[in-house]
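Dropping the structures in below, format is structure tokens.
Next come two complexes, and both contain chain A; in the first it sits with chain B, in the second with chain C.
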Partner chain A sequence: MARTEWHPGRVGRRTVLLGASAAAGLPLARPAIAQERKLVVGVVLPLSGTFADQGKNYEDGIKAFQKVNGTKVGNITVETVMRDDQGPASGDLSRRMTQELIQRSRAEIILGYSFTPNAMSAASLLTEAKRPAIIINAATSVITERSPYFTRISMTLPQLSASLGQWAAKSGIKTVYTIVSDYAPGLDAETWFTKAFEAGGGKVIGGARTPVSAMEYSPFLQRAIEAKPDAVFGFNPGGDVSVAFMKQTKERGLTEAGIKLLVTGDVVDDNLVPAMGDALDGVISALHYQVELQNPANQRFLSAFREVAGANAVPSYRTVQGYDGMALIYHALQASGGKTDAESIMNAIKGARLDSPRGPITIDPATRDIVQNIYIRRGQRLGSGWANIAFETIEGVKDPAK
Partner chain B sequence: MSGLVSILADGIAYGMLLFLFSIGLSITLGLMRFINLAHGAFAMCGGYVAATLLNLYGVPFLLTLPAAAIFTALVGMAAERSVIRHVYGMPELQQVLFSIGLAFAAGAVANIIFGPQQQPMILPDWLTSRVDILGVEITGYRLFLMGFGLVAAGLLAALFNFTLFGARVRAAVDNRRAAEGIGINVGRLFAITFALGAGFAGLGGALAVGFLGLDPTFPLKYLVLVLMVVAIGGPGSIGGSFAAAIALGAIDAVFKYFVPQVGGFVIYGLLVLMMLFFPRGLAGRTA
Partner chain C sequence: MRLTRLGAGLPLLLAALAGYFLFPDYLTLFTSLFILAAFALSYDLLQGHAGVVSLGHAVFFGTGAYTAALLAAHGVQEPVTGLVVALLVSGLLALLLTRLVVVGNDLTRLLITLGIGFLMLEAANQARWLTGGADGMSDFTMGPVLGLFRFDFAGETAFFYSLAVLVLVYAFLWRLTTSPFGLALRGIRENVRRMPAIGAPVSRHLATAYTISGGIAGVAGAVLAQTSNFASLDMLGFERSAEVMMMATLGGTGSIPGVVLGAAGFSYLKDALSAVSPKYWHLGIGLVLMASVFVLRGGIAGGFTALLRRLRGRA
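Up next, the complex of A and B:
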């Protein structure tokens, strides 16, 4: 009883807050002069809590893009309105934030969703409201099929793991043992690595699925060593789990046993590299961006990023995804000749080609998923620290799961 | 076969880390009857002290350990004197709410000071190299943890069972009024005991960073493991916690090795069985 009495009070307060943000948002949507108009891009990111650093990365990318390219496309001024969805465990908060952006802030395009469940929860809303949404990160293959208004600017896990499997097969690796975290992305990684590797003539001779938050990998690694494969393929969810995994592969002496370590690039994310130290030595990984890439778009991106985030800051692949998300929106506004209805924007997005800091990228018109280069990198000493250095490029990789 | 022995050794070393990590909680929970779910926050404090000294000031690893323990003990004492002592008399639910709130607050403070990212902890070479003992290969760090755990367990058991200080603590916990009546300054005694628990938490935290990593979510992430050790061992028993931690580490390792499909969950099943049949743990004090 007390519970039902308490609830309306809370909703009431929230409504007031929504009203306040609406009052702030409304004037932005009103056209100032007949031809000159504003377009609101609603941005949904994890800006507080455990994953706040991810949100910061995307935000830096978005800011860096507007620093280079200004806020005007033709006679349209592009404004961003940021909302915090607090990460993957926040229930339907990302859906509510999306709704608020569409209804109160009059957002015409949405950019965001770092995590799969957050994108999934907003899918039906976007379809109903007919709002194009650009996925800034969430990497589960199926998301783009959940709404015809979704476009992905990041990557899919099958893209990374299949590229790695393909590379391994043609680089003389005959047998692999897989160690993946036991949750949906881990199984995705295992499946697509195995498919590509075995299609190339390799053989997966065994594997282990480890608890998602496992910190002790000794027994799994010992089993892997006893299976005597040419290489171990690893995937885990990043953060401290990946640091522990990488350190223990070094500790258990994988290299001494003559076994190569292959991981998807997010496991050895740049911001984890200092904590991994020499465990990175000789580790092969696949990722779609690399700070050291030599192309004009990357130079432009890096100089803008350093203006935004400081001279010594190192961008993450997530920063580039934020940057490219804005680039895709600007491209669509130009290509549609300033029309901002959902159909015109979606038509302009489908098949779009962009000159990204990660190399040329296109949006597959059939799946609205990204097609891009995947870089195969090796962990090496660089100056006083360690880095992943690209030594091979697999060009124009589609999401193999579609 | 040598594979099994080697992962068993690794498992025992992991258990030793769990022991060092949870012994502080066993002291405050078992001896002082204070449900300190903020234990992980003190461990995190020790971890940040060690990581900062090592990375920023280049202090040798072995010196960062006592620094982490002493600093955390002082923080613990300050916290005990200022707020925590007012919570002793409260019902258990309020202790839980208070201390878990403290843990959240500590995580938020760490986020502001150190940022949300993982702290690097690069160990010296003699700890990361592999050592061969009777044909069993183990890394220096795990060997170091084993030795450290044994010494700590011995010292603590001696302190609480054979010294006047230990006798006073046990007396004060069992009957505070009588203890005060015979002239024991219980307030001061509890402050020192709490500081000791916090100090060991800080030490465990500093040792854990090289193994478990360190970020602001640390206080809550390992709470379950620590509570498991204390619950199975029996709160307040140094020997019980020691046995429980080693058993958890070894059993976990062996099952992960032989049945990797389910191995990671065996220890949780074990916890359920223990709580059903031995609710006081392996060596719980009944008083």
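Up next, the complex of A and C:
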């Protein structure tokens, strides 16, 4: 069926073979009720290797959504087919997985891409195959410009770091020292924090770029302390690396030296908080989601999530992104009246408004990027543990890089 | 020996062509398999024929990939031209590195090639203006092959293009390893001290083998970048270097058709297992690799030979 779309008018040996096999299968393949149909959502996630835990987070979100909302939208049954792209060190694999999902599994919508290279490598393929793809995480600003079929449901780093820079300048912080990981997202974070902070009247007095997987931050923190800034802005890629960073800021006595710590919210992801413990005390972060948000959508999400992942599990912002990715697909299918061609889906996605667990979100029709609230949070004690508690909301933040 | 090698090439080619007709939805998998097979063959010229081990062979693969991507990004979009340039650039890089690699024994070679691999990876990561750093390079379009065949979505052009490259690599290496030069390499593998005694210039032979091997690896990398329209850091990373070693071992190092089968078996296994269980497929790969070392000594090729011998013995 789909094959002929890419080779109009072409009749080769394979078409004949395919026709013959299709004819043989015809009596079985004919659906019982004409209107009932199936739609395959191809899901590309890191499910094995170092970043498997991230993949698990998105997967939980996807499952939680289907638990709450069922698998049917009107007369369309939404089925997910998952493939493993093994994380960021396999860009061409994510492209191949995407191609296979479209061709072999007949996926009509793709959901996935945790990392920037993986999304980038699939861009031209999606354009050629005309398949809408929803980016579940990859946060480098430029991705959505690489294919007209990309939509981002996560966030961009400039969204977080510029919000934080803006807040810092407004809250009486005059000087900042930056410590970011030395790769594309880190440089993005540094650039946009600096821009927003200096536009608000602050001054960045120095900075360090650290190796991406560095576990040793003492020398950088020492230099930061000697520079005597009002605050340090930090960004690193999450997971163990961020746990190490946070613990060492505590050991080095940043707070004792009278220096505030500002980080993008992914560094102090809710599911890393238990490992960070009291290193979280007083740390200011900016993120688009947090577990403690009080709204009905979040309550629905949390109860579904706990059913899927266990009563004591803590969701990550990534889980919400998986959940919202499915929500956007369901929304598009409803809004398009069950039409599943790429144009109808894309038209339904552009300008879509959703009631997300993170608060109201919209898809900017011009850039297909997400517009959402950014929460400024402070790390403090909550019960027997620690948590990031929002104390300020910046509403309707667009990606400042576009 | 010669006959069996050439004889195995034809059934393999026929099997590849049969794959085109029987599994039209799997063309991209076949394409990646052909590329890996060419890469594995280039590596096996070193390990299997000259007895030189390396944990950094992906350096040349990645160099070829970036060369092809950069050429396309700067206006040279014809793929075959890209291949030739990638061959030259990677070959030249290998030539420059030979002095570091061919000295010493296996252990120092492993460490040195590992070190070169890490250095190149970090260099490519830092040179963001050139390579796109961790984001990879996707901002280029490939022209039609020889100005005639456009890369299509279903991957038909990519299939035949990569198959053609593999056939050329296969034929070239078969010719090379059965030539006097190939015999000299085998002599070096078997007894490196005796070779000078019969007047063989050991280090020059090794340098030649290393340069050729690097050049071919670069061609394989270039095909990957061209057919997937993408070049990224992982293409020069350690994992790829280790994988190529596994493929050669699984297939039977020193046997050209064996290595092709090894690469095919390895990629098929990865694809099939990761489709069955997207999370735990590494477990399956590990078990198969271990089993292949214990059960199939000499890899798939060794298994075949043993089977043939047994059949003959019975008859």
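Definition applied: the second predicted complex is superposed on the first by the 369 of 402 C-alpha atoms of A that agree within 3 Å, B and C clash if a C-alpha of one lies under 4 Å from a C-alpha of the other, contacts with A are read in each partner's own complex, and residues count from 1 in each chain.
To be clear about the criterion, a contact is a pair of C-beta atoms (placed from the backbone, for glycine too) under 8 Å apart; a residue touches a chain by one contact, two chains touch by 3 or more.
Remember, predicted model here, so these are calculated numbers, not experimental data.
Colleague: For the three-chain model obtained by superposing on chain A, do chain B and chain C clash or fit?
Modeller: Partners fit side by side after overlay.
Colleague: Taking the superposition as given, does A:52 touch the first partner, chain B, the second, chain C, both, or neither?
Modeller: So A:52 meets both chain B and chain C here.
Colleague: Is A:84 touching anything from chain B or chain C once the two structures are fitted on A? First, second, both or neither.
Modeller: The second partner, chain C, only.
Colleague: Check whether A:146 is in contact with chain B, with chain C, with both or with neither, and answer first, second, both or neither.
Modeller: second
Colleague: Please work out whether A:226 is in contact with chain B alone, chain C alone, both, or neither, and reply first, second, both or neither.
Modeller: The first partner, chain B, only.
Colleague: Just to confirm the value: shortest Cα separation between chain B and chain C in the superposed three-chain model, in whole Å.
Modeller: Distance of closest C-alpha approach: 6 Å.
Colleague: Pick out the shared contact residues on chain A: the ones touching chain B in one complex and chain C in the other.
Modeller: Residues 52, which sit in both footprints.
Colleague: Quick check: in the complex, which residue numbers of chain B touch chain A?
Modeller: 3, 6-7, 10-11, 14, 111, 115-122, 128, 130, 137, 139, 141, 211-217, 221, 252-254, 256-257, 260-261, 263-265
Colleague: Which residues, counting only chain C, touch chain A once they are in their complex?
Modeller: It is residues 20-21, 24-26, 28-29, 32, 125, 128, 133-136, 138, 141, 152-155, 224, 228-230, 232-235, 237, 239, 274-275, 278-282 of chain C that touch chain A.
Colleague: Where on chain A is chain B touching in the complex?
Modeller: Residue list for chain A touching chain B: 50-53, 208-211, 213-216, 218-220, 222-223, 225-226, 239-240, 243-244, 247, 250-251, 253, 256, 271-272, 274-275, 277.
Colleague: Which of the residues in chain A come into contact with chain C in the complex?
Modeller: The touching residues are 3, 6-7, 13-14, 17-18, 45, 47-49, 52, 55, 82-84, 88-92, 95-96, 99-100, 103-104, 116-117, 120-121, 123-125, 128-129, 140, 146, 183-184, 212.
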